[in-house]
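Below are structures written as structure tokens.
In the two assemblies presented below, subunit A is common to both, partnered first by subunit B and then by subunit C.
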Partner chain A sequence: MSAQAFFIGFFGLASVWFGVVVFRTHSMMRSALALLFSQTALGALFLSMQAEFLGVLQIMMMATEMSIMAIFMVMFMMDPGGLGEMDMTHQKRLSLAAGFVAFAAAVAAAVFVDWGPVASVAPDAAQQTHDLGVELLGRSMLIFETAGITILTAMIAATAVAMPPVKRIRNK
Partner chain B sequence: MTTALVLLLLAAGAYLVAVLEAWTASGRFRLAAPVVAGIALLGRESIVPRKPDRIFFEVAPVLLLLSALLAAAVVPLTPDLIITDLATGALFINAALVYVLVALLMAGWGPNGAYAMIGGWRFLGQLIAYAMLIVMPITAVVMRAESLLTTQIVASQASLWNIIYQPLGFVLFFVAAMALAFLPPFDLPTAKGELAGGVEAEYGGVRLAVFRLGRLALIITLAAATVVFYLGGWQGPWLPPWAWSAIKILAVTATMLLAGHAMPRIREADLLGWCWKLGIPLALLNIFIVGILVLALP
Partner chain C sequence: MNIELLLALVTGAALFGVGIYGALSQTNLVMIMMGVELILAAAMVNLVAFWRYLHPDAAAAQMFVLIVMTVMAIEMAVGFGVAIARFRAKGSVEMEEAAELKG
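So, the complex of A and B:
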């Protein structure tokens, strides 16, 4: 077994394990940071697959996103410290069934889809970054710009909804 | 070998930062002060507060140190003195330093104390303020170098340093770096006098020593990154490259420490307001100007 295969397996398992921890803990903070480390392990998985830019980006983006999620979980849940030992799971049978179906579908897709010829050698990291940049400013530009504008619109709308209504004082 | 040498230099740098910090704070220049303070800290009891989140409490100081060290791994001190010259170096510095936030959140939540928790969450707000002002000026630096390699970024400044090529970006990055290292006037998460030390409040003994060491490593790493991005890295006449790197890094550190010394601590809401209403438009303007310069000047 090559070192690469070992690390891919290791980070894959770490990611799944942290994913399980998300639901095994009672503390909102631990739950949020377990999800972060699950995503960080995915970033490390990308790194061991020689997709350097993707890996570093994943490791960077998830840290801020999950930390921000943590404060919202702490603000909105009734027992953020987990002292009351609130159960993080519900609808267990349905969730189990859905989980198994989704897992089977993912495995089936991985095994039965014709992926075409697999690249034997990955281009070096600087070349990958260059190619990704060209791709983002070429064929994929419309998709990314549309997504960006949509997210911006959602952010402005969410801020507008969250602001308290302005009381207008009428002159009588 | 290179790794050991860089770590040794980083330790020496952190020591000098500690001397400089004490000097700017108290006005007394004492070379032995950090040793004395370190021994005193190691000799004290490292108290664990009641009902802590033990994992976070123990991991936080180590994670702070680790994220600073990881960021330092891609910062070149001379053309050869770099631990790993990643093809995504400029991005990797960000990725590593984001975990400073995670460490401070852990340090805030872990000890089960009110002051610490307020300090930790404050730093999350602080990140929302400074994060874009770290990333967007780096974008402009990378645009000029046409590479994310940190060595390539230094090489791109051979004719003209970025501090002159894009002064606006330098000012924004410098201020944001101070906020990232929670130096005064941006020391909101620790806030001595107001939060009684904030995230540091519940730590003592060896854990506090590791936390402080991590903070010193963070300051020196950010100063080194500023030198690489804006001050031409190891380049300079007469002296050897390592000497130029050392002089520039210490000068930037001293400036960072002195700049905030006489200022009152900024309020969280004001920091957010200034960064988003003034900082981000200026950063976008910087990218726009650099874009034109890159296209106009071959």
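So, the complex of A and C:
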């Protein structure tokens, strides 16, 4: 087994394990932190697959995103520390079955599909970043710009939805 | 089959399964969002693996990953906006209590 395969397996396992911990702990803070570790392991997995830019971006983005999620967890949950061991699940059997079927179907597709010839080398990090920059500002510019506008719209919409209702004073 | 590609795809499949379980089994809006995050993470793993082992010269594959990251950020922004509105109106983000739109 190559070193790359070892690290992909290791970080993949870590990512899945922390993903499972998200839904197994009663503490919401631990849930948010487990998701942060899962996403960070995923970033390390990207680095193992020589996707340097995406790996670093994933770690940076998820660190901030999951910190915000942890704050929201503390704000909204009735028992953020999980001391009461409240059960906040429903339809457990159906969910387990659906999750297992989804996993089995995806693994079957991964194993039985003929993926064609496999590339042995990837471009170096500088070349990758250069190629991605040319792609973003060239052929895929419209998609990239649309993504930017969409996220701006979502931010404005989310702020508008979250604002308290305005009390109108009638002048009669 | 290439062992590295297989490991990455199995990781993606496992994350997808865990995400489906989380999104369906949790009653809290923020926890449901965590399940959706894992599903999107699974998509990203597959995209990076396909880029690295099948088309390393196609930068469009990396661009797709950026789009999935954008979708994650949008999901978070809109989800938390809805969570704040719901909390303000009902004092809870438990989704079992949110059946007003049920037919």
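Going forward, the second predicted complex is superposed on the first by the 157 of 172 C-alpha atoms of A that agree within 3 Å, B and C clash if a C-alpha of one lies under 4 Å from a C-alpha of the other, contacts with A are read in each partner's own complex, and residues count from 1 in each chain.
Throughout what follows, a contact is a pair of C-beta atoms (placed from the backbone, for glycine too) under 8 Å apart; a residue touches a chain by one contact, two chains touch by 3 or more.
Everything numeric in this text was worked out from a predicted model, so none of it was measured.
K.L.:
Quick check on the superposition: with subunit A as the shared anchor, is it clash or fit for subunit B versus subunit C?
P.N.:
fit
K.L.:
Contact-wise, after the overlay, does A:Ala126 reach subunit B, subunit C, both or neither (first, second, both, neither)?
P.N.:
It touches subunit B, and subunit C stays clear.
K.L.:
Report for A:Glu145: first if it touches subunit B alone, second if subunit C alone, otherwise both or neither.
P.N.:
neither
K.L.:
First (subunit B), second (subunit C), both or neither: which does A:Met49 touch?
P.N.:
After superposing on A, A:Met49 lies in contact with subunit C but is clear of subunit B.
K.L.:
Does subunit C touch more residues of subunit A than subunit B does, or is it the other way round?
P.N.:
After superposing on chain A, more of subunit A is contacted by C.
K.L.:
Pick one for A:Phe100: touches subunit B only (first), subunit C only (second), both, or neither.
P.N.:
second
K.L.:
For the superposed arrangement, tell me the lowest C-alpha distance between subunit B and subunit C in Å.
P.N.:
Across the overlay, subunit B reaches subunit C at a minimum of 14 Å between C-alpha atoms.
K.L.:
Does any part of subunit A touch subunit B in one structure and subunit C in the other, and if so which residues?
P.N.:
In subunit A, positions 53, 57, 68, 128 sit in both the subunit B and subunit C interfaces.
K.L.:
Quick check on the complex: what are the subunit A residues that touch subunit C?
P.N.:
Within the complex, subunit A touches subunit C at residues 1-2, 4-5, 8-9, 12-13, 15-16, 19-20, 22-23, 28, 31-32, 35, 38-39, 42, 45-46, 49-51, 53-54, 57-58, 61, 65, 68-69, 72-73, 75-78, 88-92, 94-96, 98-100, 102-104, 106-107, 110-111, 115-116, 118-119, 121-123, 128, 131-132, 134-136, 139-140, 143-144, 147, 150-151, 154-155, 157-162, 164.
K.L.:
If you look only at subunit A, which of its residues touch subunit B in the complex?
P.N.:
Where subunit A meets subunit B, its residues are 27, 29-30, 33, 36, 52-53, 56-57, 59-60, 63-64, 67-68, 70-71, 124-126, 128-129.
K.L.:
Which positions of subunit C touch subunit A when the two form their complex?
P.N.:
1-22, 24-31, 33-35, 37-38, 41-42, 44-45, 48-49, 51-57, 59-60, 62-63, 65-67, 69-70, 72-74, 76-78, 80-85, 87-88, 92-94, 96
K.L.:
Subunit A touches which residues of subunit B in the complex?
P.N.:
Listed in rising order, the residues of subunit B that touch subunit A are 53, 55-56, 86-88, 91-92, 94-95, 98-99, 101-102, 105-106, 109, 121, 124, 127-128, 131, 147-149.
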